[in-house]
Amino acid sequence: MVNPLLFWIIAALTVIPSLSLLFARKAVHVAMAIVLVMVGLAAAYVALGAPFLGVVQIVVYTGAVMMLFLFVLMLVGVDQREDLKETIKGQRWIGLLAAGGLGAFLVSVVARVALPVQEETVGEPDVIAEVLFQRYVLVIEVLGFLLITAAVGALVLTHAPRLKPRRTQLEVQRDRVRVGANPVNKPMPGVYARHNALDVPALDPEGQPIEDSVSRVLKIRHQTQDGAEFRAQLEDPARKDTEEGR
Amino acid sequence: MSFVTPVIAWAPLAPIIIVLGAAAIGILVEAFIRTPATRRAAQLALALASLVGAALVAILQWATLDGAGTVVLEHMMVVDRQALAWQSVLLLFGVLGTLLFAARTRAGEEAFTPLGAVAPGSTEETLARRKGMQLTEVFPLALFAVGGMMLFTSVTDLIFLFVALEVFSLPLYILVALARRRRLLSHEGALKYFLLGAFSSALFLFGAALLYGATGSTSFDEVGAGIASATGLDTLILAGAVLVVVGLLFKLGAVPFHSWTPDAYQGAPTPVTAFMGAATKAAATAALIRLVYGALYGLDWELSWLFWTVAIASMLLGTVVALVQTELKRMLAYSSIAHAGFILVAFAGFPDSTLSALPFYLLTYGLATMGAFAVITQVRERGEDGTVLGEATRLGQWAGLGRRSPWLAASMALFLLSFAGIPLTAGFVGKFVAFSAAMSEGAWPLVLVAVIASAAAAFFYVRLIVLMFFTDVPDGQEDAVAVDYSPLARVVVVAAAVAVVLLGIVPGPVLSAFENAGVLLLGAAG
Amino acid sequence: MFPILTVMVALPALGAGLLWALPSASRARVREVALAVTAVELALAVALFIQFDTATAGTFQFSETYAWIPQIGASWALGINGIGLLMIVLASLLTPLAILAGWWEDKDPARRTHYLALILLSQAFMVGIFAARDVFLFYVLFEAMLIPLYFLIGSFGGAQRRYAAVKFLLYSLVGGLIMLVGVVALYFQGPGGEQAFLTDNLTGLTMSSTAERLIFLAFFLAFAIKAPMVPLHTWLPTVAENARPGTTALLVAVLDKIGTFGMLTLCVALFPNAARWAAPVIIVLAVISVIYGALLAIGQVNMLRLVSFTSVSHFGIMVLGIFAFTQTSIEGSALYMFNHGLSTGALFLVVGFLIHRHGTPDVTAYGGLQKVVPVFAGTFLVIGLSALALPGLSPFVSEIMVLVGAFSVAKAGVIVAAVGVVLAALYVLLTYQKVFTGPTPEAMRGTRELTLRERLVLWPLVGLMLVLGFLPGIAIDTLREPSADIVATVSIEEAGE
Amino acid sequence: MDPINFVILAAILFAIGSAAVLLRRNAIIAFMGVELMLNAANLSLVSFSRIHGEIDGQVMAFFVMVVAAAEVVVGLAIIIAVFRARQTISLDEPSELKG
Amino acid sequence: MLDLTWLLIAVPLASSIVLMLAGKRANPWGHWVGVAASGSTFIVGLGAFIQMLGLDSEERAHAVHLFSWIPGGELNLDAGLLVDPLSMTFVLLVSFVGTLIHVYSVAYMEHDPNRRIFFAYLNLFVAAMLLLVLADSYLLLFVGWEGVGLASYLLIGFWNYKPEYATAAKKAFVVNRIGDIGLIIAMGLMFAYLGAVDFETVFAEAPAASTATLTAIGLTLLLAACGKSAQFPLQSWLGDAMAGPTPVSALIHAATMVTAGVYLIVRSAPIYAGAPAAQTAVAAVGAFTLVLGALIGMAKDDIKKALAASTMSQIGYMMLAAGLGPVGYAFAIFHLVTHGFFKAGMFLGAGSVMHGMKDQVDMRRYGALRTAMVTTWITFGLGWLAILGIPPFSGFWSKDKIIESAFVGEGAQPWILGGAALIGAGLTAFYMSRLFFMTFHGKARWTDDQHPHESPAMMTVPMIILAVGSAFLGLILAVGDRFAVWLEPVTGHVEHHEPVLPVPVLIAATLILVALGVWVAWRKYGAADVPETAPAASLSTIAARNDMFQDSVNRAVFERPGTHLTRTLVYADAAIVDAAVDKQAEAWGKTGETVRRTQNGQVRSYALTMLVGLVIVIIIVVQGGL
């Protein structure tokens, strides 16, 4: 038997974050929410007499699976924003209806069930191991092949061997000179003492901002700031004062 | 607590071990042989040798098996004649599929991308192509798939079934993504196939969980016993059973769980489509038989509703939508959906004869599928400069193929006629035994729908025949299509054609063999 | 015993294979080869006819039974009674004539090879079907035959041949597949075992009337499509219009007889109770076919369509005869199957010759030909008169036997069907009038008279019609016993009810 | 409290997971929905295991985790491949295969 | 000789086939083969006749077995001939008149390039006609029945390069076929109720059969007879049949074939014996047609059509007689024979006139031909007198008996039938006299290019012979009821019945009416001028000219609705029956298009499909399961 309070906590801990699957716009938020769900589930396992599984859940899911998700999210760009506006007519409502219907059906089915609860067998690792390597020994062997497949698959789909010879610094520099590009470093951004402003362009001697000095990535993200603004601040002590006064 | 060493009968596992072992070795080969050409040869040899060897072993075991079969591991897995029959069929598809995997155009172009990791159309792709890189991993992946499917036919535990399902699904997801041409479509197909596959796995798993909840076990025999004895758990069992069956119906490509089929079939490299079309259906059918006859037999009345509904929906939808297809692979995909319906027809009333009818049906269907897709791999577009490009899969491009290449077109016609179930082709005998099974339980309305769907289906098969034989090549298009004979693909075509004809005319011995296989070691039927 | 029937099935099939296997260089001679094969086949058929023991015409003779697919109860069982004998003779007779009629059809030797090989293949199937003594074998050949025909129609012929071929195939397939349901169901009604499909083992079964009726209907539908009965007939005019006359001649004269043949030897013989149950409706349909076909024939301007509609009408008479269940009407129907083959075969061929000359089947394009080509006209007229069942020509005997024999059972039906007699006169004579009488248009003046080859094709048929018109006994002798058996089957069951 | 309630919870999570697959266009989120469904199944397995007082359900859940991990690897690999080709993981984008 | 009667059929048939197949090389002598074949039939017939005369009257029915024809299980029919006085009468008539007409045709068709074929057809006709009358079963009779129809078709359409002639031929055949339905159904009835279709069995079984059956058979046979004998309502083809060469009209459409209906009725006497209603119907049809034909004949200006109408009318007499039962059978056949002579003679005369008048058939363009064609005038005149029934010419002996017999009976029937017969006699006198006077008397109304001349001997000799027959045959046969006695074995002996009016009164009334008719005709057409074009006339005349609008009626009742029906059906077959299938195919396609839209390429929609499907499946299973 489980402590009802614990149940409700676990329920809240799993259901509420999982709703982000439906409503959160950013995938990263969803992933983090799911991590929470996984932890909640781990707690549930422990509460249900499966401490080993609880640990595995944490290790595998929060530790590996969800991290993998996050990793890929980072790879594809955290900023893959999704417009929640549905583009297919009726999809959302029918979808919600169907999923809700399925859920309601399952809940009603389960709720009607009255199974006698047997004495608890705690899933300590040794107990599990025994079953694992007796009745389920073939499964675990086959799982090995599954893992090989997964690994090979991931490699085939994502790993590219070096196709071109590795370019040395020397070659890079030579190429750069050959095309007549700037042979030296680009100018640093306008880092000011008061402001860690990688996003603010440096100013050239004439006071004009040097666009090249800001990272291209930031520009694409529109996360740059106008150098002129800061120059204005420099020139207008009044504003500076107000800023300082704050 | 004392650990008792589990009793495992290893000998009956030999075919599976050979295949999976060869797959694992294949991975090692990847690691150790660096020259692409050698690696390819080694992989091909390994794959073929293991598949043929496993097939021989399986057939030998099948022939020499005393009694109904062997329990490999209590509650988890059996190898009986039924399983060996399916395994033999799957291995045959594996051999043919591997040959197709290895087939190349005369210009040496493979069906698979040289490098899966690079973006389509990128300079790296060109470079990889120029360097003659090859994805020889496809062979071990195929072996994994075959091995998984073989397991799939023999396991008697829901969780093991789930694992086996994943073992053969994962390689397929990957393989679908590896087309050499139209890689965007290939990726798209793979993504859809994967997402929906995972979705259906989840459904299956939840169903398994419910059944476990209701019966206290996931082993077929215990589930069956639990269903028989359980009280007050009707809906729970029913919900679980439906979800589990749905998971398998997804693999079978039955409506309404079919939507992945056309997209995956079209997107996948054609050899993969061939293999997938033939083998997945067979494996899914095998598992469905074992599940239904082994565990869910007590629900026959309730499940009849499911099978009837799904069968009718599959036959009609598959046929109707195939009628309007203009893309060849898609058309065949929809046709496969209709065939899923025909397969389900044989389940009507759950007669014993289904056990022998369906392996034969799937054999005939798979052979024709293999053959048809093998033909497709050889009909290719030709560029302005005369180079041979990708497959010509728009229907119109096949106009006049009968003139251009009569034997190839005739083979294709043969396969199509077999799909349509015209007598003297294997497809007819297959349909006959399948429908017989359904009729034996008096499910004639279902069979009637099936034959009407067959007749309508004939329309689109015939349309291709019309195009190939009765339509002239459009003006100015004489050089737009090239028939690029690949010896290996040709072997597949010839083998399939011969088999289709032989099974159509003298199916007796094979029928006998499958009749002999029509007994389950564990199960309510038998 | 010499397996003559198997040989007769195999011979044309092997002939087809031989044609395809011939090297391109020797393709100039394919016609001769094909003709030789069919000539041998005809000789075998004649031998069959001579050897046939008419005293026991009701029992299967030349029987051969080999296990074929024992697992599903199918045997390679051949054997013929009098009805089958006649049909095989018909098939063997018309095939060489059709080949001869199309002697100059193709310029391209490859196409010619395909055409002839497909014709031979069809012949193999036809002979097999008429000789089949096993329902499964019958069904398999029945369906498989669609393929050579499909190619014959779709590859060789008029503008809409593709449409026609597909239409033909789909119609036939729908019928055939529904019949398949019946075939399978029949298996479960029968004794099962390794020879479950032998007709011997399937006659006199006791089954529930619902089952019997449903199976009967499944069979009947397929046959009603094949022997085109209104409203399932529309494929025929389309095919006739577009296929080669030689193909159509074979199709209508022989192949479509499989429909009536099947009704007679399977539907009625295996399901007598259901046949009796359905007979009133079928007779009504048959009579409708008679009148409908005739009226539509009158309304056609395309001669090929016209002839095909006349066949719809004639098939109606055959079906009427079969389902009247009297000795005379069944004899008449079976005889009509043969005679109609001669008559309609000749009609299609002669119309084909006409079209060959002027390139159009449009009856309005012709006129006044009698003055130009009297022999042609005379031959056409005789053949036309056979289609209207003029006494003295063989179709008359069969038609009158059906009408007179069926009268006691279906009075109103026969009376209405007799109106078809008048309509037949109308469509035949109207056509003759339009094509051969009246002033001769300029375009018709140079028309070639019937050539020797064409005479060789048509006159044997005409001669046979005359001989059988006066001495139908040659054929009836072989039909008496089988018809009596069928009547006995139907009536015994009646008594048993 | 009866452990069956956890099964109800699992059913709810299952429904939410499936809804995510039906509604979300971001491939990774949809995939996470699938993962949630698997976890829901796991939860019910464990709950039933508790109810039956035996260990099998836990072992099964363990297998599911392994399988899920493998599946995630392959799935994410495919997603990455798609991303490399199209620079997006929106499921709306790759929809040329249809009809 | 009686056993050789099969030669009667075989010889002309063989001759016909030879002539047809011989080709052009037979042109110079082909017609003589035809004449010889026909002549030989007369010789054989005569021989058989003589042999038969030597037998007792009971033994005069002689069966000749030919071969087993339809050896069916139930319908087991042999082909055989029945030679009895009735068929012998016909044999003689057909072969004799036929031979004469053959001879006549040699000259008449001299300039036709296809004369050989003409003779082939004529021989075919003779063979078929003899088969018709000699057959020993209805089925074999039917063969001859249709055979003469075919010959008639071929001969009417002999000059079918003229479209209207081809149409006339077709019309004759088709209308005859309508009658054939009757015969077919009659055979069906016989087979169903009497168990056979041969005369012997049928007549043996007939007395035992129910009246209803026999009435049905009788009526259907009447329908057949109406078709062949151009009786109302199937009379319309006969006028058009005049399109054929005149010898054909003489032989087929006057003397022999058209009387086959009468033969059929008389032959079926045992059936009618049990079916008084059918008999009455026969008589009624005959009476009606005789008046109708006479009325039409009164208005026709085309000499052949007028004669055709007359034929119709005269056959009406025969039918009337045949419908009177045993009383009238002998007279029906008697009149048939005499009519065969005089009408054939008159047709040949008409042919002779046309021959001399450049194929002019309009009597209004004749006139005063008696001088130009003396032989023709005389022979025609004898025929005219015969048909009028002027004693002692043939017609008197036969027709008067019919009129007498028509007055036999009870109730209103004798008055109606007899009245019709009587009036018919008067009308006949009028229109035949009109014809005769318009042609041979009055003023010449020839066109300028016509130079009437007598025909060659080859034509006139047959005419003379027939004229002699017209004059005296009746007398010869009537003496001592010779003819009736001769036929007695077939028609049965009947006691004499008294007509409702005394016989002398009837004879006198007839003769008075005839005289009246002749007088009126002479006043209008002999003595007065006949306009060269037909004057505007009263409605009744127009009706008669147009054959009582029979063609219009046919067109309105059968042809036009038939054409519409056919067109509608052709349309419906394409637009409904065929389209139903095509549309269905289309519907499959449309459904496919609709359904395929759900495959929208979006993976979440696919998942939705699955889930919705799952929910539906669950609902179905749970509903079904619980």
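We call the chains A, B, C, D and E, going by the order they appear; numbering starts again at 1 in every chain.
As a convention for this text, a residue touches a chain if its C-beta (ideal position, glycine included) is under 8 Å from a C-beta of that chain, and two chains touch if they have at least 3 such contacts.
Here the structure is a predicted model, which means the values were calculated and not measured.
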{"item": "Starting at chain C, fewest touch steps before arriving at chain D", "value": "2"}
{"item": "Most remote chain, CA-based centroid, reference being chain D", "value": "E"}
{"item": "More contacts between chains, D-E or C-E", "value": "C-E"}
{"item": "Maximum centroid distance from chain C, chain identifier (CA atoms)", "value": "A"}
{"item": "Chain B-chain E separation of Cα centroids, rounded to whole Å", "value": "78"}
{"item": "Distance between the centres, which are taken as Cα means, of chain D and chain B, whole angstrom", "value": "25"}
{"item": "Where chain A and chain D are represented by their mean Cα positions, the distance between them in whole Å", "value": "16"}
{"item": "Multi-partner residues of chain D (at least 2 other chains)", "value": "7, 14, 17-18, 21-25, 30-31, 42, 47-48, 51-52, 54, 56, 63, 67, 70-71, 74, 77-79, 81, 91-92, 95-99"}
{"item": "Shared interface positions of chain C, touching two or more other chains", "value": "170"}
{"item": "Interface hub residues of chain E, defined as touching at least two other chains", "value": "585, 596, 599-605, 607-608, 611-612, 614, 618"}
{"item": "Interchain pairs in contact, sorted by label", "value": "A-B, A-D, A-E, B-C, B-D, B-E, C-E, D-E"}
{"item": "Contacting residues of chain B [partner chain A, same complex]", "value": "1, 3-6, 8, 20, 23-24, 27, 30, 72-77, 115-118, 124, 127-128, 131, 135, 137, 140-141, 144, 147-148, 151, 157, 159-160, 163-164, 166-167, 170-171, 173-174, 177-178, 206, 210, 213-214, 232-233, 235-236, 239"}
{"item": "Touching residues on chain B, where the partner in the complex is chain C", "value": "417, 420-424, 428-429, 431-433, 435-436, 439-440, 444, 447-448, 451-452, 454-455, 458-459, 462-463, 465-466, 469-471, 506-508, 511-512, 515"}
{"item": "Chain D partner contacts - residues on chain A that touch it in the complex", "value": "1-4, 7, 10-11, 14-15, 18-19, 21-22, 27, 30-31, 34, 37-38, 41, 44-45, 48-50, 52-53, 56-57, 60-61, 64-65, 68-69, 72-73, 75-76, 80, 82-83, 86-87, 91-92, 95-96, 98-100, 102-104, 106-107, 110-111, 113, 115-121, 123, 127-128, 131-132, 135-136, 139-140, 143, 146-147, 149-151, 153-154, 156-158"}
{"item": "Touch list for chain E against partner chain A, complex", "value": "600, 602, 604-605, 608, 611-612, 614-615, 618"}
{"item": "Residues of chain A touching chain E in the complex", "value": "88, 91, 94-95, 98-99, 101-102, 105"}
